[in-house]
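One chain, chain A, links the two complexes that follow: it is found with chain B in the first and with chain C in the second.
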Partner chain A sequence: MPQKSVNPGSMEIKIDKKSDDLLARIKKTALKKIGPEDTVLVWPNLVYLELIAMMFALAILLFLCLYSPAPLEELASADTTPNPTKAPWYFLGLQELLVFFDPWLAGVVLPSLIMVGLILIPYIDPNPKGKGYYTFSERKFSVIGFSFGLALWYILIVVGVWFRGLDWSWYWPWDDPHMHQPAGAVKLVDLQVILQSTLGLSETPVATLGRYVVSMANLITWGIFVGYYAIGFAIPFLIFRNFYNKLGFVRYNLTMFFFLSMLGVPMKIFLRLLADIKYVLVTPWFNI
Partner chain B sequence: MDDLWAYPYRLGIGIFMVVGTFLLTVLFIGFTAWLERDFKKDK
Partner chain C sequence: MWELFQRIRSVVNKTQAFKSIFRHGFPNNDGNRALVMFSNIILHLHPVRVRRGALKIKFTWCLGGLTFFFFILLAITGVFLMFYYVPDTNRAYGNIKDLGTVIFFGDLFRSLHRWSAHSMVLFVWLHMTRVFFTGSYKPPREFNWVVGVILLSTTLVLSWTGYLLPWDQLALWAVTVGSKMAEASPLIGKAGPFGAELGMNANNDITFALLGGTVVGQSALLRFYVLHCLALPLVTALFIAIHFWRIRKDGFSGPL
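Entry: the complex of A and B
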């Protein structure tokens, strides 16, 4: 049988007479470019590797299950609630956030922002580099931003798993985990209360919106909150104009909103830890 | 101001979180950079 070989891209295809006729019917442009020279086929090259990786991961998981079984306890009873009550490890980051944030924020808003932010990444990242290969040098901002967020998430999980004990108090490894920590002497205060006393502002309401009584100090805290985002949006726009131009208006604003919200999480944690500030902004509906 | 080192260990927790987040970030970035170098070497 007469054989002929064509080389579309890197693939060497042997075809007989019959398929040669078929080939003649196909537009020339359709065969012109299949892929870069150094590509390999998904099957079997990639799929075999994935299968091996899957078996390997399964073996490790099986070994871990045998070595360290799930810590199942007795049936739950309302009479004896465990102290502390810990969520599964992958939720302990969220549980730890509850120490520092309003429950509505820690339990609903922040997880939603994380999920929406992750979903949006492919749409707000216009950088075509790094597809199909690992690179840090070609996508520094993305890698640093994502690594920071991931590290923050993992640190919160580490704290929840290993450093929280009875009454959700902090226990260093050298503290006795069976002894209750002393009652905390720290009095947390809202930022608007601090502003009111340090600036000598009057408590008289500036405006009343339903059950929301707005004082001058409360207005200033709104200014600080909005100012944080405004300055955060403005700085890259003014200094790294190229960054803005690459992203465009909508993608820039989305990126900065999520980036600033992520940075705001540790900032809020430190305000609470080191400045004893309970909430930066207080409203009847939510506190930040 | 009361002792930041005493219980509830506010300063210690703060330092732990900053150092921990920084180290983990560096670890992740280092891993990416290592993968990049390693894959380039393979080519």
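Entry: the complex of A and C
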């Protein structure tokens, strides 16, 4: 629902007759006269608060410096590769994704999608409620969606920092970090290979596009991949039409694309962990 | 004691030097408290008055302010570290070692720089989380959220470029992991989808541009040094300025 925002630089004044709720909010907030009794001087009230916060932070930092000074390992050498080689902790979530995705996805496309997705948030969330205060009930979908992404990010970091050791194997805190874990017996297979054998499909190519030899099984994996997005886009549209109407065509499609892509990450992880599937989709140029 | 302090202050406040610097008396009455916000360039980032609700710690948790504080600390400790550091693969490691052994306060400043960096990365995420949960990105603050996401990325890249500078094993291999990922970029990386088709190889792809060569070596160290100590701090400072300007212009979203 487009809201007219008069004079965008200053405090907004929204005109939206349809929403009684919004009108009530405006009456309660924007139109309420702010008298001197509602405001306080920044000096000393805010300035002192900031000073105290800074002193606190500095004290904690100094303590951390004494407790754990900056590390320095051996001189850099291209000849000896440490095992494991770990990125800084804030990138370990992405490095952990390397177990489940090829580098172009884990290291480039997914981080780019995260950044673009974050930038788009204010533009795809038209819900006027929950501005300037904490609330869950007034914006359930966006809070759940955002929390889900955050949780994913932090869980992957925790796994990367504390549960990965030699050869990037899984180490419990009580495992000896200096002993290699026995190499797993599992062999990863591509989804199309599984389809081929379980459905007894023929291996003769249905089509050939340059280097790309398309088999029946490969075609089905395309169907599954595209179908995931197609069904994902369709379900809310068919069942929660209200949700679609609120967002409109463009916002709806952007929201669903990012939401489904985010959901796809743990889904692929579970496919790997539960069904030993390496790639869902295989092409000569890229694998997903 | 307090009496004496007050007496000294009232004398100092009347000197020509004090007046030339501060342009008004000590902020212990409302008039001067308002004036100080106008006439001090740093305090001027604030308004003169704020709504009572904006002071609630449980609203902002001081997260944005502390992120800024860490940035300032990083600038101060960083300048100190720059006095002792030469971005040369033969000397860098020794320089850092000296900081820990022979230079007065070297270890303290280096540790403070590192812990501030970790804290800034953590707090920028937490601050973003706060802004999301209070819905403070909603109109008219959409653009400031975008500026924030830019700050999030420059903060991460700043940290990451700094990681290489000690030139120890941790540094080299952490950056190698990153450059391997860049190599896999679609279209512009030699190992990425359609990279080879577009003629990307070790001598012209995105990793080459990032490292100034094919391995993490002298050119990479110099590039990361310049990015870390000059280019990225300037960009970050610029966007922080825009961020703060917009907070003032858009108004703060906090409760009444």
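Keep this in mind: the second predicted complex is superposed on the first by the 225 of 288 C-alpha atoms of A that agree within 3 Å, B and C clash if a C-alpha of one lies under 4 Å from a C-alpha of the other, contacts with A are read in each partner's own complex, and residues count from 1 in each chain.
Keep this in mind: contacts are C-beta pairs under 8 Å (C-beta built on N, C-alpha and C of every residue); 3 or more make two chains touch, one makes a residue touch a chain.
From a predicted model like this one, the values you see are computed outputs, not experimental measurements.
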Across chain A, the partner (chain B or chain C) reaching more residues is C
*asked:* Just to be sure I read the superposition right, which of the two partners does A:Ser137 touch: chain B = first, chain C = second, or both, or neither?
replied: first
Task = Return first, second, both or neither, reflecting whether A:Glu203 touches chain B, chain C, both chains, or no partner chain.
result = neither
Go through the superposed model and pick first if A:Ser169 touches only chain B, second if only chain C, both, or neither.
first
| So, A:Ala151: does it touch chain B (first), chain C (second), both, or neither? | first
Original post:
Can A:Asp38 be said to touch chain B (first), chain C (second), both, or neither?
Top reply: both
Review point. Can A:Asp79 be said to touch chain B (first), chain C (second), both, or neither?
Key: neither
Practice item. Kindly classify A:Leu273 by the partners it touches after superposition: chain B alone (first), chain C alone (second), both, or neither? Key: first
Shared chain A footprint, chain B vs chain C, residue numbers 38, 133-135, 143, 146, 150
Chain A residues touching chain B in their complex are 38, 133-137, 143-144, 146-148, 150-152, 154-155, 158-159, 163, 169-170, 172, 181-182, 184-186, 266, 269-270, 273-274
Chain C partner, complex, touching residues on chain A are 3, 5, 8-12, 29, 32, 34, 36, 38-47, 49-50, 53-54, 57-58, 61-62, 64-65, 68-78, 80-82, 85-91, 94-95, 102-104, 106-109, 115, 118-119, 121-123, 125, 127-135, 139, 143, 146, 150, 285-286
Given the complex, residues on chain C that touch chain A span 27, 30, 33-34, 36-37, 43, 46-52, 54-55, 57, 62, 65-66, 69-70, 73, 89, 93, 96-97, 100, 107-108, 110-116, 118-119, 121-122, 128-129, 132-142, 145-146, 149, 152-153, 156, 159-160, 163, 166-174, 176-178, 180-186, 189, 191-194, 197, 215-216, 249-251, 253-256
Per the touch rule above, chain B residues touching chain A in the complex are 2, 4, 7-14, 16-18, 20-25, 27-29, 32-33, 35-36, 39, 43
